[in-house]
Amino acid sequence: MSRKNIGIVNYGAGNINSLKNTLQNLGYKVSTPSLDHEIRSCDSIFLPGVGAFPEAMKALQITGIDQSLKKFYRSGKPMIGICLGFQLFANKSHEIEPTRGLSFIDGEVIQLPQTSFHIGWNEVNFKGNSKKTFSNKNVFFFNHSYFLQLKSNNILGKSSIKSIKNFPAFYKKENLAGVQFHPEKSQENGILFLDSLLKEMLND
Amino acid sequence: MKYCKNCLQPDTRPNTKFTSSGICPACDYFSHFKNVDWQERKEILFNILSDYPKNPNSKFDCIIGVSGGKDSTRQALWVRDKLKLNPLLACLTYPPEQVTERGVSNLSNLIELGFDVVVSAPAPGVWQKLMRTSFDKFTNWARSTELALFTSVPQLAIDYKIPLILWGENPGLQVGDLKTLGRTGYDGNNLRNMNTLSGGGMAWMLDLGIQSQQMLPYTYPSSAEFKKHNLQIIYLGWFLGDWSNINNGMDSVMNGLEIRDDHVSNTGDLMGVSSLDEDWVTLNQMIKFYKFGFGRVTDYVNEDIRLGRMSRERGIYLVEKYDESCSDEYIKSFCDYLGMTTEYFWMQVRSSVNRNLFTVKRNGSIQRKYKVGFGL
Amino acid sequence: MIEGINKLGNPESCKICLYDTNHPLGLTINSDGVCSGCQFHEEKDNLDWVKKLDTLKTLTARYKSKSKKNYDCIIPISGANDSYFIVHVVKNILGMNPLLVTYNKYFNTPLGIRNLANLRIKFDCDILIQNVNPLSVKKIVRNTLPNFGSIYWHCIAGQTVFPVQTAIHKQIPLIIWGAHQGNEQVGMFKHEHEVEMTRRYRKDHDLMGFEADDLISTFNNLDESDIWQYRYPDDSDLKKVGVRGIYLGNYIRWDPKAQHELMINKYDYETSKFSRTFDAYDHTDCYNFMNLHDKLKLYKHGYSKVLDHATREIRHKRISRQQGLSIVKKYQLQPSHYENLFSEWLGIDEQALQFVLNQHRSSLFWQEDIPGNWIFKKESNLKHRSFEIEKTFNKNSDLNRKSNIGYITVGKGYP
Amino acid sequence: MIKKRLIGVITVKNSIAVQSMEYSHYLPIGAPEVLIENLERWGVDEIIVLSIDRSQSKLGPDLKLISRIASMGLTTPLSYGGGIRSLEDAVSVIQSGAERVVLDSLLIKDLNQALQISRVIGAQALIASMPLAFIKNKLMHFDYIKKSHLQVSDHILDAINSRKISEVMIIDHKNEGLKSSFQEELLNHFAKKCNLIAFGGVSTPKQVKKLMGIGSIVGVGVGNFLNYKEHSVDLFKGNLKGSVLRS
């Protein structure tokens, strides 16, 4: 069976290089699409993201990638957002100034209480079948100061810091998934997570 | 002293027992040869090899003890090219003073045939001291060296986590050392009971004041260690129907083996295909002759008689003429190596001559009392 | 050695020795114009070596086998370089019972075989020798020579990993090496750092950035069965046994020439003249190290082993920088011998070998004017004269010891 | 709960990794890529690469080095500092494969540019690197380009306290590369809620344990001293593994 083609959306705000190599090492064909037809031809899409929400949204709108993403989401093919990419799925974000998101997920991005930063390795408490693959002792690398606040039973992993307990770290509903941490930067745990998530969503 | 009716094997070999009809164990074993189903034995071998648990992160399937001589060269090639296994060859070499140029070039030949070989060589000084003591105590210099030869393979099997050890011939079947007969003809885990190893034989070495750290190459792994590491010795001889000195010699010569070029009157070796890597085993064979009434020529001749390649009469002629042959040159080099005079050597040899079988004349010459082929 | 280092068109030179910042191991030069290597050697003259030896003794004493059922340590040796001195120190000064280990590089000279046999007899040690099957070895050389101009990758890879594998096989944690090449050449660390063996240094410098698995590429014909024996053991095994490699050079004032001369007198080490260096001691065991391998070094890095030897003697204050320069001039472009043995061993055409070698001439140092005619850019116009130092090297034997010439796979080496 | 981090700091000078001592003396180590691959194998929590000759030679950040590192499939968080002059530099550093950028000389030369970077790529992606020392027992900020000591600027402190810069790497540049010499007093100058990384003269597990015990410390950087022994990260983590540090 030929290798699945994963597209890491290139919209000028994201750490593409390392995610690309990690996915290739897992045996996938990896492209970095930005035009609509390129995005459409992928078997699944990753939305990376480093930086501020408003800048990223503007970049998606100027290039029209936001429309391609909406079509891709409706097509039912798996889409995975990492860190800011996950937050962009929300309705709205309050980072710097209120900005509308892609609205795939009913929720809002707000600042971590007491303007704290969540930087470093932290435990994720998993729920559902991903609890099997990961004991809760597993730690992943986080690097954010905002988080996606939502009320939904599709939150499959939560994390905690001093100023806030059990905020969403891993969300999955049908063909949409999002993680607040960086699996491509969490050494073996991260690779294991990406491998099992992709296998599940691409039902390899 | 009685001879086997079929061959020229006297009943003086340690651990040997003749059949009621006066046949030696080896002839008895050979007599069953005709109706052996070799194809069935090959399947047994394949079953053993396939379901034997292998070390996953090592590419070696088994370990074979080799010296670079005729038997090991043949085994290595057969295991690799016929059984399609990837063997690690383990070689215990003699120290530089003792090994021959022919011996090192045969080992080089084996390596150049494309084998992975780990060579272990004990400290030359300790080796020499043990050889001297072994000769003084048993008039057999090889007690310690043989222990090292047999010890190196299971030790490396444990080190490299390769449990399957393939060995040449089963001494029990081939030459009648019954104690090594395992559960079946091919099980070698009783090798430890072989005459030379007889229960590890370390005691006499330790009271020489040699520290245990210098005795590591001579410390045969215990049965417990064998079990713990799941070691299993398999005799390939049991599966190779044509296993013999002559066939192994020819097969290995076809693959580059260098053989001896000195006459049987120097070595007691009719074809020059054995002990290629050193010259002093010949002395031990001569001494064996004086102790038990049979030497290397008898062993060769017996095999040819059993294979129907030689008449018993021809055997008797050769045994009478050459069984005690050993060139003075090799005796001299041996004495120089161990720092003794040839007089001391002969005094020691005469002291262990079997007085039932031989008389020692005043001039030192040793005369047979028995008649070869007929006994006392 | 990543091209970033060698791209420097105009390297900075040390004012004391003959190295410059193009050195493949990396070299820094301080504000007084003295290189890191020379700074390391200056330390040698003002360290408390009695205290250092004590530190070594306390460190190694902890590793002596309590049960006496195992060796106290492992010593990687080749029979040449610093093998004799290391075994002498470990046995006679540290009072340990070592297991010697060596990797068969197959380019062995009769002199090398003899020196190894003599070492085993004089020091009365057990030894373990690894012979990787020559089919795999040759397949590796057929890849490392064209791809990165090295015939020696398999030798260094084997010599630096077999001892570590043996440490795990036989559960002997301590491995004792001679001097740290990074220190002796470019002063990578200070003595006080007491740097130890690391897999990182092996990959970066010993193996030019290529560990065993890095040799396999979709384009060549190498596969796992050829290179798996050169893989570094897993971290879990290293930690379980507590494997640790120390360097005597951090605890003993390292002076290879003096040490060799001690070994010649005490243990009858034999030496040989070489055409491409004045040193007679270090590389008695190999037909290629001071010949084909050294020619490749000149092609790739623009200098030969004789420059390392001259730098060493300058730093030990036995010759001046000026003498060093003219000694290098005398030997650097001398012909390399025994290349026919290599071609025969590898099964390649002798004349075609030079074609492959030429692909590795670095444009930093070599210029081809009319095709086939190469000019060495660093050719100095010094007049080369012979010097006192050359006579002080005791040449008491010869690579072939008057026996026939040719690689020896396994040898007797006695008398 | 969030773990603290043992950070491998790699100093790069004319494209080779070096040992740096007292900001003035350097010894060659080797290829940065091999060092980084090794730190990942050792399980370090984060890697900071500092190219110390980029700012002086106005070459800008070493983007080629970062993408070479990223193309190795590095799965350890990577922060890069050295030669970042503008927002554009910072964005391209992230794009080439680094998680976070380390700003040192830019803080002194053009703090506004640094704050602009913070706005665009987010404060969490910014580390302020501050070589400090006590001169006549007054805390001074060292400008390593001009080799002069300055007052610690209040603007920088405001930027930190107002969360425009998420973490501050305090470098004891006088004791850098020297045995167990990091001066903890350097930390007292910063508000308790600041996230501080200690670096420079950390050479023993004991020091790491003590520093990790300080509330405001989120990570301890070790540079030269990681190069002397196999599995150094384990040595430095010691029994903190699985508790304060990840297992």
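By written order: A, B, C and D. Residues from 1 in each chain.
In the analysis below, a residue touches a chain if its C-beta (ideal position, glycine included) is under 8 Å from a C-beta of that chain, and two chains touch if they have at least 3 such contacts.
Just so it is clear, the structure is predicted and the values come from calculations on it, not from any experiment.
Visitor: Most central chain by CA mean?
Guide: Central chain: C.
Visitor: Using CA atom averages as chain centres, what separation in Å is found between chain C and chain D?
Guide: Computed value for the inter-centroid distance: 36 Å.
Visitor: Roughly how far is chain B from chain D, going centre to centre by Cα mean, in whole Å?
Guide: 67
Visitor: So the centre of each chain is just the mean of its C-alpha atoms; given that, what is the distance between chain A and chain B in Å?
Guide: The answer is 70 Å.
Visitor: So what's the Cα centroid distance for chain B and chain C, whole Å?
Guide: Those two chain centres are 41 Å apart.
Visitor: At least two partner chains per residue is the criterion; list those residues in chain D.
Guide: none
Visitor: For chain B, which residues are shared contacts with two or more other chains?
Guide: Residues: none.
Visitor: Drawing the touching chains as a network, do you get a line, a ring, a star, a complete graph or other?
Guide: If you draw each chain as a dot and join those that touch, you get an open line.
Visitor: So which chains actually touch one another? I want all the pairs, not just one.
Guide: A-D, B-C, C-D
Visitor: For chain C, which residues count as touching chain B in their complex?
Guide: So the residues of chain C touching chain B come out as 65, 68-72, 97, 104, 117-118, 120-121, 124-135, 166, 169-170, 224-225, 228-229, 408-415.
Visitor: Going by the contact rule set out above, which residues of chain D touch chain A in the complex?
Guide: 1-5, 40, 43, 45-46, 67, 70-78, 91, 94-100, 119-125, 163, 166-167, 195, 218-219, 246-247
Visitor: Per the contact definition, I'd like the list of chain A residues that touch chain D in the complex.
Guide: 12-18, 21-22, 24-25, 50-52, 55, 84, 96, 115, 117-123, 137, 139, 141-145, 160-161, 182, 184-188, 190-191
Visitor: Inside the complex, what are the residues of chain C that reach chain D?
Guide: The contact residues of chain C facing chain D are 1-2, 4-5, 8, 21, 25-28, 30-31, 36, 186-190, 193-201, 203-205, 209, 235, 238-239, 243-245.
Visitor: Note which residues of chain D are touching chain C in the complex, please.
Guide: For this pair, the touching residues of chain D are 13-16, 18-19, 24-31, 33-35, 37-38, 41-42, 65, 227-231, 234.
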